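Dropping the structure in here first, questions after.
Each chain gets a letter, A, B, C, D and E, in the order it is written, and its residues are counted from 1.
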Amino acid sequence: MQKITTDALVQKAVELLNNNTVSYVLGWKKGEFDYDITPYVFKDEKTLKEEFIYSDFCGVNLSKYLVAKTKELAGKILVFLKPCDTYSFNQLLTEHRFNREKVYAIGIPCEGMLDIDKIKLNLEGISSIVETKEGVKVNTLDDKTIELEKQAILLEKCKNCKSKKHYAYDELLGEEGDVLDNNRFDEVAKLESMTAEERFEFWQSQLSKCIRCNACRDACPACTCEKCVFDNPNSGIENKSPANSFEEKLFHIIRAFHVAGRCTDCGECSRACPQNIPLHLLNRKFIKDINEHYGEFQAGLEVGQRGPLVSYTTEDVEPSDVFNKGE
Amino acid sequence: MQITEHKPLIVAFCCNWCSYAGADLAGNNRLNYPADVKIIRVPCSCRVNPMFVLRAFQKGADGVIICGCHPGDCHYTSGNYYARRRMAMLFSMLDYLGIERERTRVEWVSAAEGAKFSATMNDFVEKVTKLGKNKRLEDLRCKK
Amino acid sequence: MKMSYFPGCTLKNKATDLDVYARLSAEALDIMLEEIENWQCCGGMFTSSNDEVATKLSSVRVLNSAFKKGQDLVTVCSACHNVVKQTNNAMQTDSEFASKVNNYMGEDKYEGQTKIYHYLEMLRDVVGFEKIKEKVVNPLKGKKIGAYYGCLLLRPSKVMAMDNPENPTILEDFIRAIGAEPVIYAQRNECCGGYVTLESPNSAKKQSNRVLENAKANGAELIITACPLCLYNLKKSGANIPVVYFTELLAEALGLKEQTND
Amino acid sequence: MTNKYSVEEIIKRSGANPLKCMKCGKCSATCPAYDEMEYHPHQFVSMIADGDIEALVKSDSIYRCLSCFACVERCPRGVEPAKLIEALKLEVIRKKGQNYLTPNDIPNMLNEDLPQQAIVSAFRKYTK
Amino acid sequence: MQRIGVFVCWCGSNIAGTVDVKAVAEALKFEPGVVHSTDYQYMCSQAGQNLIKDAIKEHNLTGIVVCSCSPRMHEATFRKTAQSAGINPYMVEIANIREQCSWVHKDMAIGTEKAIILGKAAVAKVNLNAPLTPGESPVTKRALVIGGGIAGIQTALDIADAGFEVDIVEKKPTIGGKMAQLDKTFPTLDCAACILTPKMVDVAQHEKIRIFSYSEVESVKGFVGNFNVTIKKHARYVKEDLCTGCGACVEKCPQKKVANEFNLNMDNRHAIYIPFAQAVPKVATIDPSACTMLKTGKCGVCSKICAAGAIDYTQKDEYIEEKYGAIVVATGFNPISLEKFDEYAYSQSKDVITSLEFERLTNAAGPTAGKLLRPSDGKHPHKIVFVQCVGSRCSAGAEKGKEYCSKICCMYTAKHAMLVRDKYPDTEVYVFYIDVRTPGKNFDEFYRRAVEEYGVHYIKGMVGKVTPEGEVLKVQGSDLINNKQINIDADLVVLAAAIEPDKSARPLATKLTASMDTNDFFTEAHPKLRPVESPTAGVFLSGACQGPKDIPETVSQAGAAAAKVIGLLAKDKLLGNPCVARSNELLCNGCSNCEKVCPYGAITYIDKDFRMPDRTTRTRRIAQVNPAVCQGCGACTVTCPSGAMDLNGFTNGQIMAEVDAICK
């Protein structure tokens, strides 16, 4: 597959800006380093040409930003969507979170995004990172060059990519891919096969790392509530810091439950977590349970889908049998 | 060993139309069950928010049971079907986090099933008692 | 367009007409039938028991060969078609069976991906009856033809999914496409007696007779079929009406039959 | 002797469920081989459902089914009687360890026009 | 801060025997908000209620906790008590210390401890209670009946007789429905027209009833008591008010070869037609798909012939908007398509017919003027085979037919068989059956008469194949009792096709937000206790739209639905249950998940402008709950991720306060 270049995207964006198809471009902006990339709304050709980037570090799912930006900005917004982002895009539309008319979506291919933390484990002091065919070449401050293989430094969410196919766009750049076979439930199954004590130990050790920075929530495209229950003093469960092990769990259980049946498994929660807690394993547990008990369901496949937790059949499995099935 | 048996604290959410009435029937027929069970009346099992369940555990409950009309008999026609999915998912998640699965339960009790209500509570209390104190979920600050 | 082709054992000797005319006509209709290499007999009958594995392997190999070539598979003998399609369905829907089969397949794992067309389905869905009409040079005008489906083409309909199993139209539409007039009669989807003919020919004769008498009573002058065994049984029935393979009429209508006679 | 044949195995192998039967008799109504059989399709279903197959395994009726699937197609309950009959037949052939048809029987049955398909099919149905 | 009074009841020794009531009253005194706590022997007695009323006044109470028997027993009593003393009835909470405490525990210490905890939970809840007022909404005193068959007719007549206006919407040019097509009716064999047409005339002449024939419901808005319905009146190209129904136009219409749907296409009608002689309204209708004038602009014969000047080729579809307080669905049934059952050769032979076609063939007003003649050649049949359960009682796995029993076929087949034998004793009649199902008054007796007095051959078994051959239909079937396969050379085969809801029912259900089962039958609000109400308030069910039914059952359900409608329309105002959901619009995301789980269609969405802190205006989609429709189950509250949905009387805060009090 031909890799799509930053230039191609900039050229497209400029074209759409100049012919007044769109007024804004939601994309990724270069940072101080090659890898610290931020989502950004570009308004003019100049900034686009100077600062727009599409590289192996553009893991950020831009869909969520449309919720706020379509309301804030008057004109039409061009957004670039990687395959997995299109699921979130559809899910947000299903929930009426933004106005489709105000968005011009361009699907772009993605070969898997890289995790800078994984790169940093291999060396100290990065001066530059160059993408190669097999992975990256990292030049360090002390003039060393280290080559790393792509598979080893992929983001957690990209290691088990579920799809290279776009489910929403106005226009597609590059070639369309396919839905992939993947092993994304293996880790969940592994945990399920442990004893209750082992599972408790695992999660206790993981969740105790939580610093309640809310990065997972803020990155999550399903968490777009006008006001989050954890910020609402009237909700009865508001809290700002994990004062104890219960509240770590409460926060993550409630969050996972709130997005259950709506989560597209985009993996932003784990990507955003500064403590590297594998939060996606909570969401995937729900997805796996839903698939097993209520039939295969992928959130965001199409707009207007009815989610599994707002549906039922009279023959649904009994809660007690959910455990038994797991055995 | 000189350990006095732990008296568990059980919170039972009962839907107004079937299970709460079933509990009343158990009373009418003097079908005993342990006083550890405290019932909270909700209009329908679908009113039970996972938040309530977690809150109970946070505050020191050792077991939480949700009772509703039998599937197909919901006063609101479909409420218990939603409850069934939600609680199946929630309890499976708690299990996944290593919380003992015997601490949570969903049981369908009709207004005519006083005996089932009593038997269910006796059984649930016995199982939860065996597990002892709920240490994995509670908030230590909430204890005296 | 290229498609994989599985003729099956009978077409290689007793039913060469079915085969030869099928290939000739396909070519004339711009379909290249590529015979699967090293195929084995399908077994003639699908064993519905799900623990019968070995007897279905030859079908899976045929299916897999087509899959590896990235082609759809065409069969023309009704029996082969039935066996191969049912086997493919079992590969798709019965994971236990599929994993047992794949144990025999070595590196060549197969999961039921191949799409199978009966030659008639190919005519209807790939070529299109309209196109056949255009290509007919020798329309069989005024011929009253009774289509004989038998059981294997249509049943079980959940798997075969070719046509309405109780009121099929594909052969009738075919007859119209070659310019003749179809005769609809109720017994067209009843059994001819099948393989039981081997053991009790009289019982098979009785079945076939019932079918043909019904066709005749409704005005049929000629019967067409897609199955060598049906052809055999119908011919042996003693009812006085000719029975031929549908491919023969197709070749005739397309003006290809003379070529072979040369 | 009593546990020689396993009804559970037969049902499992067939993939059919005889308990779905509502005893309407449509299978026997549609069966083209009815008159050749001592026991008829609806009896197969009923007797297998009851676990009472002694008489069936001794009967030649198991070899009379044409596998034409008319009963499967027309059964309003989706019982699939032909699959049950076939599973039973296999049970008998396997357990007896002997085939209903042997290659030695073939030459007497042959004639000029008989297609291979008939022989192969009969073998598939009658032998293990 | 609330001022709460706690009243602990002894219930004689029922409570006091196992619970130290004084200790309970004492312990609850110190709970937050409690300003008064006392006990009494029988709190529900007049004296006990007075004690509460006095305390309310004396201590200025704002909230009441009664520790007593189950709220299912006396909650209403104590709410009234509170209300009569001037505080909102929803400020009362009951702690159930009898059924759920004293009666199930034996030990006084344990019982008392639990009673205190239950009391505390009730106090904690009352602290968060807010006065609730049931919403009021006016009632439009007019009903809409959708469907003009016997179900709709009966419902309309009953409602109208009670003095309320009723409109009937019927999509065909005449009311009458399926019953108008029937010949005789079981089990009494009186003629359908004789008992139906007088009712149709009653409808036409009733001053409270309007008929919108050749019309359909286009849209439904609003809620119980206040529906706004748009009715689409199809252009019939005849002015209803001018047409006298004389039929002169029909006679002269040159287009005579239009399949007559009233006779199930077994004969022809004209392009302008009146479906049958007793049609109501008796007005001609032009079929635009057949009329030469409408298609080509050339003809105009009917216009010339019509003395009343009723013909109007320029007529357009008309939309009428009307308000209703209640809606009754009576959309009825149809026989299923037999496409998947062609082993019976229905599509191959004219002489294989459905039972409804048979009704027309024996009906004096039918295509054969009541003589039983074969459709193919007009010959009298001498052997008739009836087949029961065609497409009924099929397994879901069979992928054809219906899973349910169509209920009416056994009886009408017995009727048909009997009628044939009665009129044509030389005709042999065979009925293939699986079971003969005749629960109903005089039903089994009726069926037995067919066998015993009329000599109908009932064969336990099914037909496997019908083969038309020459003039005969070769019927191959099984006779399970004799263990035989039998072959009958029949002249006519009659199929008891399963019945299914009319195709118009599903789109209508969507418009009404009424729920349906997988078979497209409307579901009842409660399968046993509310069988004629749909779960959507104000929408009622009459006849076969709810499930297969015969005429007597349909009529009784029609009357029951009418009674429910009358009960509703008799009210001037509807008082709602105030314990309904409410949406906090500041928190609402507009995600529609609550709407999806609401069984009553009580939630709708609007776009609303919000003033933002930065002084800009932002439009947001937010949920609104219609309190008149909401029943208060709370399904929406849990599905709402932002906590915008809450339930009055059972708020998140209240329930969590109870949890906290219990777990303290």
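Heads up, the rule we're going with is that a contact is a pair of C-beta atoms (placed from the backbone, for glycine too) under 8 Å apart; a residue touches a chain by one contact, two chains touch by 3 or more.
Predicted, not measured: the structure shown is a model, and the values here were computed from it.
Looking at D-E and C-D, the interface holding more C-beta pairs in contact is that of C-D. With chains reduced to the mean position of their C-alpha atoms, the one farthest from chain C is B. The greatest centre-to-centre gap from chain A, using C-alpha centroids, is found for D. Separation between the centroids of chain A and chain D, computed from CA atoms only, is 56 Å. If you average the Cα atoms of chain C and of chain E, the two centres end up 50 Å apart. A straight line joining the Cα centres of chain C and chain D is 24 Å long.
Multi-chain contact residues of chain E, defined as those touching 2 or more other chains: 343, 399, 465, 597, 639, 652, 656.
In chain D, the positions touching at least two other chains are 70. Residue positions 166, 190 of chain C are each in touch with at least two other chains. Counting only pairs that meet the touch rule, the chains in contact are A-B, A-E, B-E, C-D, C-E, D-E. Across the complex, chain A is touched by residues 50-51, 54-55, 57-58, 71-72, 78, 81-82, 84-101, 104-106, 136-141 of chain B. Residues 343, 389, 391, 393-401, 434, 460-465, 476-480, 483, 485 of chain E are the ones that touch chain D when the two sit in their complex.
Within the complex formed with chain B, the residues of chain E that make contact are 70-73, 96, 98-101, 103-107, 110-111, 113-114, 117-118, 121, 515, 523, 525-526, 535, 579, 597, 599, 631-635, 637-639, 647, 650, 652, 655-656, 658-660, 662-664. Touching chain E in their complex are the following residues of chain B: 9, 11, 16, 20-21, 23-28, 30-33, 35, 38-44, 46-52, 55-56, 59-61, 75-79, 82, 86, 118, 142.
Of all the residues in chain A, the ones that touch chain B in their complex are 188, 191-192, 196-204, 236-237, 243-244, 246-247, 249-250, 253-254, 256-257, 260, 282, 285-286, 289-290, 293-294, 308-314, 316-320, 322-323, 326.
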